[in-house]
Amino acid sequence: MTTTAATPPRPRAAIAERTLRTDRWWLTPLLTFLGLAGFLVYATVRIFVDTDYWVDAYHYLAPFYSPCLADSCVPGSSHFLGSPFPQLPSWMSPAMIILVLPGGFRATCYYYRKSYYRSFWLSPPACAVPDGHKKYTGETRFPLLVQNVHRYFFYAAVLVGAVLTYDATLSFHGKDGGFGIGLGTVILWLNVVLIWAYTLGCHSCRNIVGGRLTHFSKHPIRYWMWTQVGKLNKRHQLFAWLSMFSVVAADAYVWAVSAGMTDLRIFN
Amino acid sequence: MSTTRHFRVWRGDDEGGQLTDYDVEVNEGEVVLDIIHRLQATQAPELAVRWNCKAGKCGSCSAEINGKPGLLCMTRMNTFGEDQTVTVTPVRTFPVIKDLVTDVSFNYEKAREIPAFTPPADLKPGEYRMQQVDVERSQEFRKCIECFMCQNVCHVIRDHEENKEAFAGPRLFIRAAELDMHPLDARDDRKEFAKEEQGLGFCNITKCCTEVCPEHIKITDNAIIPMKERVVDRKYDPLTWLGRKIFRRDQLESGAK
Amino acid sequence: MVDNNITRHSFDVVVIGAGGAGLRAAIEARLAGKKTAIISKSLFGKAHTVMAEGGAAAAMGNVNSNDNWQVHYRDTIRGGKFLNNYRMAELHAKEAPDRIWELETYGALFDRTKDGKISQRNFGGHEYPRLAHVGDRTGLELIRTLQQKIVSLQQDDFREFGDYDARLAVFAETTITELILDDGKIAGAFGYRREDGEFLLFEAPAVILATGGVGKSFKVTSNSWEYTGDGHALAMRAGANLVNMEFLQFHPTGMVWPLSVKGLLVTESVRGDGGVLRNSEGKRFMFDYIPEVFKAQYATTEEEGDRWYTDPDNNKRPPELLPRDEVARAINSEVKAGRGTEHGGVFLDVSTRMKPEEIIKRLPSMHHQFKELADVDITKVPMEVGPTCHYVMGGVEVDPDSAESAVPGLFAAGEVSGGMHGSNRLGGNSLSDLLVFGKRAGEYAALHVDRLADARPVVSQEALDAAVAKALAPLVDDPSDGENPYTVQYELQDIMHSLVGIIRRAEELEDALVKIAEFKKRLANVRVGGGRKYNPGWHLAIDLHNMLLCSEAVAKAALERTESRGGHTRDDHGKMDPSWRKVNLVCSYADNGVALRRQPVPTMPHELLSLFERSELAKYLTDEEIAAFDSNGSKDGDKE
């Protein structure tokens, strides 16, 4: 239409209050901020620790360091993927290499985007509360245009998920070298399940498995997959948080055991 | 069982206005629109409010109640405390006409810009065959009652008037998705249109549109994000690109139409 | 404040009303190349058609291949108690499928059958599953589809002329207050724009009325504020006739509680899909109310009725699916007999008969509506329902084929037209009626314009001045001496509901007419302040003229017809009288009021009559008519 641009906008209702919301609309963005910030703090500390990520006795590998792909990895912590990266400079840890992938997956995730746009950028902090920015272009241009690479990260996240599943399988390792289960095994498995629930519920995944089709009726299997992914996708927010907590929990647990805490053994 | 409640209603027009206080009778089982009507009948005959069906089906009575966008006819009085003041204002994103009535022509102008359903050339009326699973996604979007609250709450235009030209808004994104997912629509450029002409990229998926939708249409998850993904299908996806190189295009019906 | 300047527009065809009939008419007129205006009292796409839930009846035979136009015709006439204009019912039954299929080419997405066709559902009074539907929001789908088709035509015009409005313009929130004539022919329409109160004149040789009904004159109604009988009143004042105004459909199942949803409709599909009616004693009382004429078609035991839902071919349908008037009367009787609920209704229950998931799947917007509007969960508790004023069968008398009224250039389609539904409309026949006769009105209005060529009627200044003066009359600086329009409206609604409502008596109707005469005097003294800018009080003051005129027509016709038939029930004349079946009551405008006269119902030709069993005809026709039918039949026999 031509008229929207040519004529100056007619005035809106002159309401003095910036928002008339009377509920505690600031609570959700605040909690989200604290949750995400807490995670970032933990992750930052953790990737600089560069130690205590492998429990050789039970084959526990901390998720933040999996897969461990550098020559500087603790013996035993590198597995079938080997160590394509050389000895790293002392300020750098193997976690930094691999965390780009799950980190990027979460950073470009449609749910996390909502949560940090709201809680960090306040754009907007809550519905019907002004975003307070002078100008807004959203994801139309660089750098936020790059959010569209989410799908690449999804492909990578599937690989990472596979590795974590492999790690969890390895963690059935007893003191005597045979089969064993400890609390760490349970935690690692729980984490893997939640990671998969989050990864497969991804909006990109939903599109790829079937969402992009126009005629579901001609692709019954992909329609079924789309339906299943849709069920996870409905709870994407829930799994985003649960898997974030679980990955921290699993990592911290391995860290603690590696640093000397006793693992609670269930079997061997 | 009736009580007297305190209301503040924005009265004014494009030259200015203010919140005006009213004490008004409220009965059990009423909604905010009932109270506005009582104000009209007893205290303010010329109080302007837009409404039609009073059943949450026509989407006329959009306003903001205690700062939250909502339909006046679907906001029950029993959701407020007895001594709570209820503040009713017009929607903020559109120019005000008078009192609670705003000029929503922005939405109609945007609706005119999106290419209409394009019927398949080879089918006559009565020959259309579609499967229920194939129409269901589009049917969700056709539940839209055009209350325009998603448009109103969207900060892209609510807080940035200057974006109105480039941005069509959630209501029109679901229209784009509806047509793109329509089993028999003959156009193939709806994704590109959404990106280039409708300003799909402005959306930062903060989901307020979904939160306020009275029809509970999953605007963000089922329309906007799928449309963003479909744009990616065409533009950025490495596998699709590779597929195009390797296979003939007509084997890729799944990706396109 | 805007001055008394009048903005003039010139069109070929002006459509008043932007519901299903109006939009379909406008599409047709525009497709015929006519410059067309759509006048919408509300915003574009908000018309009352969105409230229609169940579906659009059309004998497509997608679900049961036995269905065809003859069966649909028979059901329609049966439902209307043989008072229908036979030709309208015939055209309707024949053309409805094409009108539905056409919608798909505009982008409509109906629910589908397994083989991909448009699914059809059962509905009260329809012998076979016949209603094309989209869940329970079919009206919304219809209006949106037509709205989008109009936008699509505007896009075509934009490509051709660089102007979306070049040949099809929508005037939203605009009300027509007068039709302007030149030597008895339509010359234009005058009205105001709500937004700023500016006056508008549409010069046009053809006007299509598609304004809907009159329900707002009643206290409990499913109709919105727009339903003030504008088209009915405009037509009368322009010299056209109204027919069948005594017949009002009270939908049997409107919500009676909570207040926020009082009057709101509970779609018939709730019953079609298994919902049952119970009184406060828990009894399924409808089995006690099957009238003689329907005994053969309806189940007489609960067991058989229940079997019908899964095996409709071998069982008769439950009496909850009797035509609307029967169900409404039954509920009314139960409540009067003291077996109603606390709030004066009966229970409509699906919660004990279907699983919650199934209810949500099949009746999504019902479930949603009650949950949100009234905090009632229909999967858990029964609804409290009672009759609500829903539809007026009466309306402008039109030529069946062209939809033209007695006034040259004035057409009517949809609820505002009369005759099609006889004394009672079947559910689902309204949406198809809109489409069939909307299209016809548009087509013939275009033809009318062609025939006029350059001899277009002219709008005179006197007529304009009078229209302006009338519109401005209630508007003053200080309204404190005058009547409050809202008070008059409430009192009128109260009177109409209690005295001209679902059950009527001569004394009450006479009383109502006296009251209406008083209202007319009071109306002259209604005053509103606040200026012309979006002033609901002023708008109501103008609408009240139409409401009163329509109310008078309803009451007068109801008093005259001393029988009970369809949407007209007389306590003092409880029986249906075959001699009344031959009579249409016709209302026209005289001395600022309504003049009533009798007129014969057009005679149904033998080939249509013979679609019915003789035994059924005997229930409706007079002895002479039956004798004539028999001799006609034997003549047919002789020929063979």
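Residue numbering begins at 1 within each chain, and the chains themselves are lettered A, B and C in the order written.
We adopt the following convention: a residue touches a chain if its C-beta (ideal position, glycine included) is under 8 Å from a C-beta of that chain, and two chains touch if they have at least 3 such contacts.
The chain lineup, named per UniProt: B = Succinate dehydrogenase / fumarate reductase iron-sulfur subunit; C = Succinate dehydrogenase / fumarate reductase flavoprotein subunit.
Being a predicted model, the structure only gives us computed values, none of them experimental.
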item	value
Taking each chain's C-alpha mean as its centre, the one farthest from chain C	A
Chain occupying the middle, per Cα centroid	B
Averaged-CA centre spacing for the pair chain C and chain A, given as whole angstrom	57
Euclidean distance of C-alpha centroids - chain B vs chain C, Å	29
Euclidean distance of C-alpha centroids - chain A vs chain B, Å	31
Residue list for chain C, restricted to those that touch at least two other chains	none
Where chain B touches two or more other chains at once, by residue number	103, 112, 131, 182
Complex contacts: residues of chain A adjacent to chain B	1, 3-5, 9-15, 17, 19-23, 110, 113-114, 117-118, 123-124, 127-128, 130-133, 135-141, 144-145, 148-152, 155, 203-204, 206-207, 211-217, 219, 222-223, 233-234
Chain A-facing residues of chain B, complex	10, 12, 14-17, 19, 64, 66-69, 84, 87, 89-90, 92-96, 102-103, 106, 109-110, 112-113, 131, 133-134, 153, 155-156, 158-161, 163-165, 180-183, 199, 201-208, 211-212, 220-221, 225-226, 228-233, 235-239, 254-255, 257
Chain C-facing residues of chain B, complex	13, 27-31, 34, 40-42, 45-60, 73-74, 76, 78, 97-99, 101, 103-104, 108, 111-112, 115-117, 119, 125-126, 128-132, 135, 138-139, 142-146, 179, 182, 185, 214-216
Residue ranges of chain C in contact with chain B within the complex	42-46, 48, 50-51, 97-98, 101-102, 104-107, 109, 111-112, 115-117, 119, 134-135, 137, 140-141, 144, 148-149, 151-152, 154-155, 158, 164, 172, 195, 224-226, 257-261, 264-265, 365, 368-369, 372-375, 479, 484-487, 490, 528-531, 533-538
